[in-house]
Each structure stands twice: as C-alpha cells, then as structure tokens.
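In the two assemblies presented below, subunit A is common to both, partnered first by subunit B and then by subunit C.
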Partner chain A sequence: MTASTQVTASREEVAAIPRGKAATGPGRRRGSRLEHNPWTPWVFLAPYLVLFGVFVVLPALLGLWISLHSWDYTLPLKPFVGLENYISLFTPDSINYTDFWASMRATAIFTIFSVPLLLAIPLAVALMMNQKFPGRNFFRAVYFAPYVLGVAVIGVLWRYLLDSNIGLVNYYLGLIGLPDDTAWTTSTPAAWVALIGVTVWWTLGFNAVIYLAALQDIPGELYEAARVDGANAWQQFWNVTIPGLRPILMFVTLITLIASANMFGQSYLMTQGGPSRETRTAIYQITETGLRNFQMGDAAAMSYVLTLFLMVLSVVVFWLFRERKA
Partner chain B sequence: MSRKIPPVRRRLLTVTAVGAATALALVGCSSPAANQASTQEFTGKYDGPAVELSYWNGFTGGDGPFMQQLVDEFMQEHDNITIKSNTIQWADYYQRLPAAVTAGEGPDVGVMHLDQLATNAARQVIVPIDDLAEALKLTEDDFTKEVWDAGVYKDQRYGIPLDVHSLAMYYNVDHFAKAGITEPPTDRASFEDALAKLQAAGFATPFWMPTRWPSHLINLSLLWQNGGEPYSEDGGKATFDSEAGVAALDWQRSIVDKGYSPKDVAIDSQYVAFKNGQTSITWDGIWQINDLTASGMPFATAPVPTIGDEPGVWANSHHFYLPRQAKPDENKVTAAKVFIAWMSEHSGDWAQSGMIPARLSVRDSGVLDGTVQEPIAEQIDNMRFLPPVPGVGTVQAETLEVAVANGVLGKSSPEDSLKTEAKKATQLLEKNLKSFGG
Partner chain C sequence: MVTTTEDDVTSRAGTTKGSNSRRPVRTTARIVVLALLALIFISPLIFMIVTSFKTRAGATEIPPGWIPNPFTTQAYESIFSANGTPVLRWFANSMIAAVANSAIVVLTASLAAYPLARMSFRGKNIVFGAIIATLLIPPVILIIPNYLVVGSIGWLNTLLAIIVPTAASAFGVFFMRQFFLSLPIELEEAAVLDGTNRFQIFTKIVLPLAKPAMATLALLAFLTNWNDFLWPVYVLFSPEVQSLPAGLSTLQTANAVRYDLLMAGAVIASIPVLLIFVFLQRFIIEGVSRSGVKG
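Then we have the complex of A and B:
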C-alpha cells in the first residue's frame, strides 16, 4: 500500500496463497443427480483466468526469460547469458553486487521499523474510532484522509516541510527549543525516521479502516460474557479482541509487509535515495537499473531475488498465524 | 479468512511500472526500420495534405510558454501542419522516449539535449538527418565546434542545434549593494572576497552549496577550469577523480567548511533560499532567468567566476531530432523537417526564453542585446560540453552526482568519494561500450 511500484514477480507469491475452501470447487457432492462436466468450473473461471494469464502469468514468465539475457529492449541484440545475471548478484566484485545488497538492506531497515508501527498504531486508532463519541465520523475521515493523496503529493510536500534549512518542521522545533538543525533528508538515521514517519502518517488510515471493520464483526456477546466473568478492559482486549482480530491481523500483516518491502516513491521523492545511496530501496535500485540504465536482464534477476525473499517472508507470516490446535 | 484474501490479489494485480515496461518490451521487439529520413529528398517546403505532428519536448520551466508561442506562430504560417506539443520533465523524457519509439508510439519530431544524442542514436531511437542540415545550408562555422560536432554519431548527423545554455552566477543586487560590492566577482580571489564582505554585511550564509542538482554541474565546471576532463576521449573511462576533479570538490566542500553555506543543503533548497533572499549568490542554469524575473526579486547574472586556472563552465544544448518510426509517413517526415528548419531560423525569438541561440549568425543579429543572459552569451567560447559518448548521461547520474553529494555533505572525503564512484563509472562505461558495439 505504501509503494507506488510493485514488482511483477511479487504477485506470484500471492498466487501461492492457499484458497481455502474455495479451491476445492463445486459439484463434488456425493449422490448429486447432476454430474458436472469437468470443464464447467473452468468456463466460469475463464474471464478471470484470461486477465490472470495476460497480466500475471505471462509477465512473470517473460520476466524470468528476460532475467536470463543481457536485455536492453532498444538494442537489436539481446544475448542469452544463462544465469550470469543471478551469479553477478552474488559475486562481490561485480557492478551490481554492492548497490543491490545495500538496497536490500535499506528495504529491510524500512520494513523492520515500519511494519510494527503500521500494525500497532492503526489498531490503536481503530479502537479509538470504535468508541461512541460525537464527531466520530469526522475523525474517522481525518485519519483516512492522507491515504487518499498520491505518493507524489506527500513526497513533495514532506520534502519541503522536512528540509533541514528552509523547512517548517525544523523551524517549529527551533521555536519550542528543540534542536533545529536535524538533516531530515540528507543524513541517516534522521532520513529513516522521516521516511518511516511519513509512511506511517500516510498509510495508517488504510489499516485502521480494515481493523475497524473487523472490530465491528466481533460479537458483543463475547465482551458481555467476559465482563460477566469479571474481565477488566485489558483482559477483554487480550482475550476477546485480539483472538477476534486474528484472521484480519494476518491479512494486514501480509499486505503491510509486502507494501513496505516495495517502498519506492517516498525515498525517490524525499531523499533521492540519499545520503549516498543509503535510503535507496530494492525497488528503487531495480527501477534505476532496468528503466533508466536499460539493463533489464539485471533488473529482472534482482526482482526475482526480491520475490524469493518475499515468498519466504510470507510463509513465515502464515506459519506465525497458523491455527493452533488447543 | 479465505474470503478476506481476494482484495490483496486485486491490489497486486494493478498494472505496475515494471509490468508495463515488460509489456512494452513485448511489443517492441521489431527490427529497426530502414533509414526513413533519406527516402525522399527534402526541398524545404511542404505542400502535401494537412498533417498533425506530435512534438515532444521537456520545456517545463520558464522556457515552456515561449516554445508554445513559437509553435503557434509556426502553425499560423503553415496552414497544412498542426503541431501537438507534449511536454514532459526531462528526467522522465529520456526514460519514456525509447519505450515509446520502440513500441511505435513515438513523436514525429522532438527536442533533446546534446549529451543524449549519441545514446539515442546508438539505441536507434533517432534517425540521421544529414540531408536536412545540407538543405538548411547549416555549416560548422555558424556554430560552436563542440555543439556542432556533438550532433554527429558514427559519421552521421542526428541533431540540429537550437540553443546553448550554461551554468551562470546569479546574485542578489541589494545584498551586493549593502556589502559594497560594485563589480560581480570574476576569479577565486574576488569571489571569496565578495563572500567575506557579504558575511560582514550581515548575510550569514551568502553562497549555499547544493548537494544535489546542480552541484555536479558546478563540479564539472571547476574540473574543466582546473584543466581536467571528466571522461576519456573514447568514452571507456571516467576520469572525474583526477586531481582537477578532486580540487574542484575540495573547493565546493570548503564553502561549507568556511561557513559560507549551511550544511546539508537538500535538493532545490539553495534556489528557494536565493528567491527568498536568504542567500546572496547561487549558481544555476540560465533557464531559470524567466522564473526569477517573474518572482520580482532584484537579481543580476554574471558568468561563473574562474575558480581554477582558466575560464570554463558547464553547458548543454537543445537539439531537434527525428525519431525512428515503425511506419514512416513521408508527408509527416517532410513536414517535421519544415518545422525544424523554421525553428532553426527563428531561434532568435527563442532567446526570450533565457537561452542563447546556437547559431552565430543569429547571436550576432542583436537578439541578445539587453537580455539578462547577454553577459553569459559573451562567454560562449568558454563553454564546455559532455563528450558524445552513448550512455554517459545515465552513468553520470548514477556516479558523479552521488560522489559530489557525498563530498559536499562531508560523508566521505572528496578524494575517496570521487575515486569510488569513478571506478564504478568506468565499469558502467565499459559495459556500455560492449553493448553499443564500441
């Protein structure tokens, strides 16, 4: 949700999500009088399959094909290089090695710090917005408002607000007697604080709305029963709210994780990947390599390595949230 | 739980940048078209049926309205040619143009920078237009040699120069008056003296040293002033880490160390600060003239002072080109050539946009008299350009810009940052030489 760009390949691992009951398909009831033609479900799926094939499977396969070539789409010759693009990503003295792994590190830093905040703060906001108080809808809208803005708007806006020499943020910090010379966009770790802070401000509304919907789904009787058993507010939260939210928590964790790992626009616009290349994320590096330097083979290989990491992460999330048999 | 999953899938299904590029690559596998430009002899006139030309440029700044004015004028004089302008930021422009041309969706005519011509010629995004230069009777002696030569790649001409634009020194006239500076500084001693006087007059930080754009252009200017060259002649090696380059970056950093500039000047803030009167001097491109004039602030321009041993300043040039077409339309090609010819002849009017006309004959016709850029135009012989090496623009953005930023920020010593990035630039240049076939 944070990223304006997502790798083709990252869709793949979504395809790996088990479909639960939906996947077993209709028409398998024993003793049914109507015997279904085995093609029937496929015909019903056809419209979606066409889109899925053209926009997901085909690009993913093409990406794999490109990653095996030295691919500059403007040049007539696109020599086949086998696994060379992948090997160079793991060879310390190649051109791409340092920058690629530095960008993976940047992505990891961003993800590790932004995901917990984007899970906890929206939950707190949702709990607050779930109370009954006058002006509730107004506040709900306020928290969601930044999410409506595009990354270009928030990027340019905050770039000027956070400017170390002419920005309002430092000006006000100075007025209240705090240090007013923090280089929010040109030094680390301040740049990370800025990027993560802006991203949380920007996207917390989306997660909050999902939490809010889930909170409203938790039956009131459960809270009632808990109160009858003498549970205090904290115990209610821990024993009723959290278990009630578990399915939605997994969904929120997963999309937040993927969105954070795909962060691009904020650092592109606010820090230009700087200082040096420290806030240049993996997607940023892939974009620079593939779309600006026209080394699409290398870029495709990088995408697949990133995808692999995301797939492993998704499996971990599924494992963490698995149904535990009591 | 499973019913909650579809929204994720839908989110991820959105067509994304990389996905779109892949799709473009799919369509764009066709072999390059034959040399469309020489199929019909160019006579200088277009009498065919009405055509509409799509015209791509990157004049997003104060220069945009003037280009549109010229286009309107052209259309008034040519009833059968309609020009549809498409203005895109330069940075995106060079990313989109090859994709569009490869997909057969490119423009009919366009403008690009001198340092991009070789790259796009090598990528067969643009086609040779030798016949046009001949028909226009354009010759080398009407242009600065480097500007004229940069339009040639592998013995064929790809670009018709429109203008030249360089870095310039802008200064706040009021600040200079208060500090008692009567003449704009011209060399290192007078420049540093001016900075000291400005500081004494109460302007604490008179010269903000940017870390990003246009800091690398300042660096290149100083490198040339110190007698260096950023790249080897064959384009296979980056030499911006030479003594000349290190001395240039050392001086840039010294502006911060001596307190003439605040630390950590983030992108664009030196320019905003200059407009706000927070700083007295800034070095930026002459394309900002109209923007500053419109802001109403009291400013004047002067050539970039000679900090090194000899005068020299980074410059670039806008060239007209014809893109490769999947299905060349003779009428459109001829009409596009008429457009380029007309523009070249009217480049004097273009001077109002703050640019300097590329043609000597136009410059000498008096169009620059009394303009803000007149003092800069007089220095045209000191202007230096990037060599016509394919891919040099992106290599520079990836390496030199980062090195200069690190040096000015003080993240690493000027020498170390330049050495590291030059090594990387050389690797990239070698890779380019290989893929472009030398």
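Then we have the complex of A and C:
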C-alpha cells in the first residue's frame, strides 16, 4: 500500500469513528431481549413525562396561543387578534417595531463576534493542552473555573473591573500606555468589546474541555500516517485534526450559537442594556416586554420570531458541517 | 503531536532524535503561554476576593491594591445585617432550590432514561424524539408561557417556581440514557432469567452501577440551578424569596458604588460552586466533555 492511499483511508476512518460511536450504542440492538409488561416503561417514564408535559410541551403550545392574542397579563380581557402581533413586528410604524429590531440587531452583533472567537480560541487552547506536560490538569481547571461561576457573579464582578474611573482594566491599560478612560459599560463600541470579551473569558473553558476530550479520541496512528506521508503540522491540522473533530465542531458551534443568541445576564448586569438600549438583546427585550410590561402577546410573538431565526441558523450549521464525499 | 515537523519523518526509526532535543524548549514555551493565560483567567477572581476584605474607600482606591489595607470584614458584616438585602436568606434559598432541583432531575431523568435505553415499546421513538427535540429549541419560547403556567399553579414568588419547572431536564434523560447504554447488558439478562422484575433490576443492579453518572448529573444540575439568573429575576419579587444571583442583581441596583459589598456578595455566591469545583472538578469536567463526545 502506498503512503498516500493509507492516509486517504485513515481520513475516512477518522470521520467514521465518532459517527459509529453515536449511531450504535452497545445496548441498543439488544435491548429487546429482556421481557417486560407493556405498561412497565410508562411507569418509569411517568414522573419525567408529567414535568415534561406541564413545563415544556404545554408552554410551547400555550406560547403560540398567547401570541395570537392581545394578551395583557394585568387586563381581564385577552381578545383574539390573529396574526396581528406578528404583523406589527414587521410594520415599521408600529410601537414594537423599532425596539424589537434594535434588540435583534444587538443579539446579532453579539453573536457574530462572539461565536467565531468562542470556536477558535478554545480550539487553540485545547490544541496547546493536547499533550502530556506538568500541570496540565491544573491549567485545564483554571480555564474552566470562570464557567462554574454564574452570570450574576461575573456580571457584577466585571461591572466593577470595567468601571471607567476606578476599574482595574483601565488602570492597567493606562500603565502600558493605552487610553485609560474608556467607558466600557456606557459607550459603544467599547460596551460590545466588554460584553464579548467577558463572555469569552467566562465560557472559553467549557468549549476547550469539549474540544480536548474530542482531540484525545483522534487515534495517534492517524498523525503518524500523515507524518509518514510527509504532512507538515499545518497539513496535519487540516487533514487529520479538523476532519476528526467535525461532529464535535458542529456540536460546539450549535451550542455556542444558541447560547450567544440567548445572551441576557451580561447585558442586564454590566450595561443595563445601555447606552440607550444599544446593548439590549432580543431576550432582554422579550422579557421586559412580557414580564415587566406584561404585553405577553407581543412578547410571545417576538420569541417565536427569534426562535425561527435560530432554527434557520441551526439548519445552516447542519448544512455547513454535513458530510461531504471526498 | 500536531507541532511535530518533517524532521521526525526521517528520524522516526531511531526514536526521533531531532525532536527530542527540541521538545523541552517547546514544552517550556507552551507552559509559559498557558501560565500567562491562566494568570489572566484567575486574577479577576482573586481581585474579587481581595476587594471583599477592603473598606468602602479601599475598594475604589487608585492604584488598585492586591492586598487589602486595612484588612476588614466589614463588608460581610454589613451585607449579613442590612435590611432589604438578606444575603444569608438568599444563600439558604439558593441552596434549598439547587439541592431540591438536582434531586428531582436525577430521579426523574434516571427513571425515564432506563426504558429508553433498555426496553422496546410502542411510542418509544416518539417520546425520545420529543425529548431530544427540546434540546434544540431555544428556551426563550418557554419563558413567557411558563410564567403563566407557574402563575396559575400559584407558584409565582415562591421557591417552587425555581425548583420544579427547570427539573424537566432533557439533557439529564439523554445523559443517563447514554450511560445506561454503555453498561454491559448481561447482568440484567441474568437477573431476568432468575425472575427478578424490572423495577428490582433497576434499583438493585442498574442504579448502583450508575452512581458516578448520577453524581455527575447531580453536580451539573446543582451548578445550573445555583447559577440560573434570568428566570429567578422575573418570577421572584419579594426580597426574602430571592435566589442569590437574583438578589445580587438587586444589591447592585441598590448599592451601585459599594463595590466592597458587591464583591462580598459575589464571593458568597461563588463559595459553594468553587468548593464543588475544587473538590469534584473531575466529575464536572468529565460530565461536560462526555456531553460533547457522545452527543
């Protein structure tokens, strides 16, 4: 066998490994061998399905129903209005139009800048850690540590560190000769840099840990085969590492995308949506509309529009990461 | 590894002489980069703890000091005693909610995952498909209607509002199912031949084997509930029923410039999760990485 066919075969092998693992769990095929009463599985499932029905399925349908009504929580009458709530979101002179699309824009800005950073930087960190060296587990723990703190802690903490007058960030920026008076939480684009930077700091470790586990599943022989074939580090990265990570890259892209599009706490705590609502994200706008002003019909319609956007994006991600025949 | 270059190919037969001499240098460079990054990662947390032991004036001094001078616990004393900011009460609320939520998640998810992993029955694919589908729908569409559901049960402004609804964990079912599938089925088959029923098999054979997975799921559920922010902010209104994260945000609104108090509150909110992380990080990190690899 020539070296080149060997490497080609190996690449397919890489692509096949995680797929095979996901598709055939050890027990699935054999599960039917054990006998049971027809109602036994439902007894096991009952407690979960009660919760699932009441707090997931019912709300998902109820939300659609609410969105078809002029549903003010504080008023006794909630008249049916058909698609009016949706139509008003797409009518430029309606009350909700400007605020809603401004918040969608804020979510889009945040997502467009944070997702690529949260895909690339954790991968770089994971690649650096994908080798045995002293203190490796310590580093992994340190990078993961911010993630175990909730958004409330990191929001309050960074609001302090980013204070334009007494904050640590501006102080140290000044020490190295950079501007020391940036209004990180009250002016754009600085607020975006702050929100995205803090989010990267907060969740980098989560993605890195997932990448690292996946990197360790790529068989070493594949790298060896690539080296035999004369592949340099860069070629090994593109021809062995990336194909081997493909399913995980899709998984990480999806969860990062959904998390970024649902950003709320950072903005709520660090910028209060400001300056002048510029960093008020879609979720922030939906909860303020529905749960502060109690215009639940409008808010429900907004949440379905946001969801539709997210579903389209998810399909695009699936399509981008689809298996391509070599 | 990825950084190895072409030189290795030529010297592969003789234990890579060329790369051996370079490797210590590379490893050192790698550790230096990683250590600098680690410093960036950890210093904000250290500064949070340091500030919580400063005076009100000390928290806003320039240049910022890394050693509290004077050292004081007055920030803690004042948030423990202040009216309207019952931090200890919030701590207890969050602890009760997170423990209860995590118990319900582990119990219901383990029970539901078992038949999905080990039994064949009509409707199984529909049930499993529906549960998995909710992993992909963004939680935002549930917020508004769930407020109404919780309201009509009479749970608004009670801890039950932050304990029960989020316990319907699709991730938990998926996670436990993957674990059950990884167990050898022979033990269960032997028990069936002995005439043991499925509930006894589940409690006597499967659950004891599933302890590590259940512990991991319990920890992840605890962390998620402890840190949950958006939902408690909107469904809990009175100061005495707040969770700690929601309370922390009201503390920020009420004391915008009292950074000593805010950092003390943030430290209190961080203590349980940081302790869990320091002592049980293996479970957490493995749980997270497993969620990806087998997802």
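Note that in this section the second predicted complex is superposed on the first by the 270 of 326 C-alpha atoms of A that agree within 3 Å, B and C clash if a C-alpha of one lies under 4 Å from a C-alpha of the other, contacts with A are read in each partner's own complex, and residues count from 1 in each chain.
Keep in mind that, in the parts below, a residue touches a chain if its C-beta (ideal position, glycine included) is under 8 Å from a C-beta of that chain, and two chains touch if they have at least 3 such contacts.
Bear in mind the structure is a predicted one, so any value in this text is a computation, not a measurement.
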item	value
Which superposed partner A:D72 touches (first subunit B, second subunit C, both, neither)	first
Partner chain in contact with A:I166 - subunit B first, subunit C second, else both or neither	both
Contacts of A:S187 with subunit B and subunit C, given as first, second, both or neither	first
Partner chain in contact with A:V115 - subunit B first, subunit C second, else both or neither	neither
Which of subunit B and subunit C A:F251 touches, first, second, both or neither	both
First, second, both or neither for A:G63, with subunit B first and subunit C second	both
Partner chain in contact with A:I95 - subunit B first, subunit C second, else both or neither	first
Contacts of A:L157 with subunit B and subunit C, given as first, second, both or neither	second
Subunit A residues touched by each partner, larger count belonging to subunit B or subunit C	C
Partner chain in contact with A:I196 - subunit B first, subunit C second, else both or neither	neither
Common ground on subunit A, meaning residues reached by subunit C in one complex and by subunit B in the other	18, 21-22, 51, 55-56, 59, 62-63, 66, 73, 159, 163, 166, 248, 251, 254, 258, 286-287, 290-292, 296, 299, 303
Contact set on subunit A toward subunit B in their complex	1, 4-8, 10-11, 14, 17-22, 51, 55-56, 59, 62-63, 66, 70-76, 95, 159, 163-166, 181, 183, 185-187, 247-248, 250-251, 254-255, 258, 272, 274-277, 286-288, 290-294, 296, 299, 303
Touch list for subunit B against partner subunit A, complex	1-2, 4-5, 8-9, 11-19, 21-26, 28-29, 31-32, 95, 98-99, 102, 123-125, 208, 211-212, 262-267, 269, 272-273, 276, 278, 391, 394, 397-398, 402, 405-406, 409, 411, 424, 427-428, 431, 435-436
Residue ranges of subunit A in contact with subunit C within the complex	18, 21-22, 25-28, 30-36, 38, 40-45, 47-49, 51-52, 54-60, 62-63, 66, 73, 125, 127-131, 133-135, 138-146, 148-153, 155-161, 163, 166, 168, 171, 201, 205-206, 209-210, 212-214, 217, 223, 227-228, 230, 232-233, 236-237, 241, 248, 251-252, 254, 258, 261-262, 264-265, 268-269, 282-283, 286-287, 290-292, 296, 299-300, 303-304, 306-307, 310-311, 314
In the complex, subunit C residues that touch subunit A	1-6, 8-9, 12, 27, 30-31, 33-35, 37-38, 40-42, 44-45, 47-48, 51, 60-64, 104, 107-109, 111-112, 114-122, 124, 127, 130-131, 134, 136-149, 164-168, 170, 173, 178, 180-185, 188-189, 192, 198-199, 202, 223, 226-230, 233-234, 244-246, 248-249, 251-252, 259, 262-263, 265-266, 269-270, 273-274, 276-277, 281, 284-285, 288-295
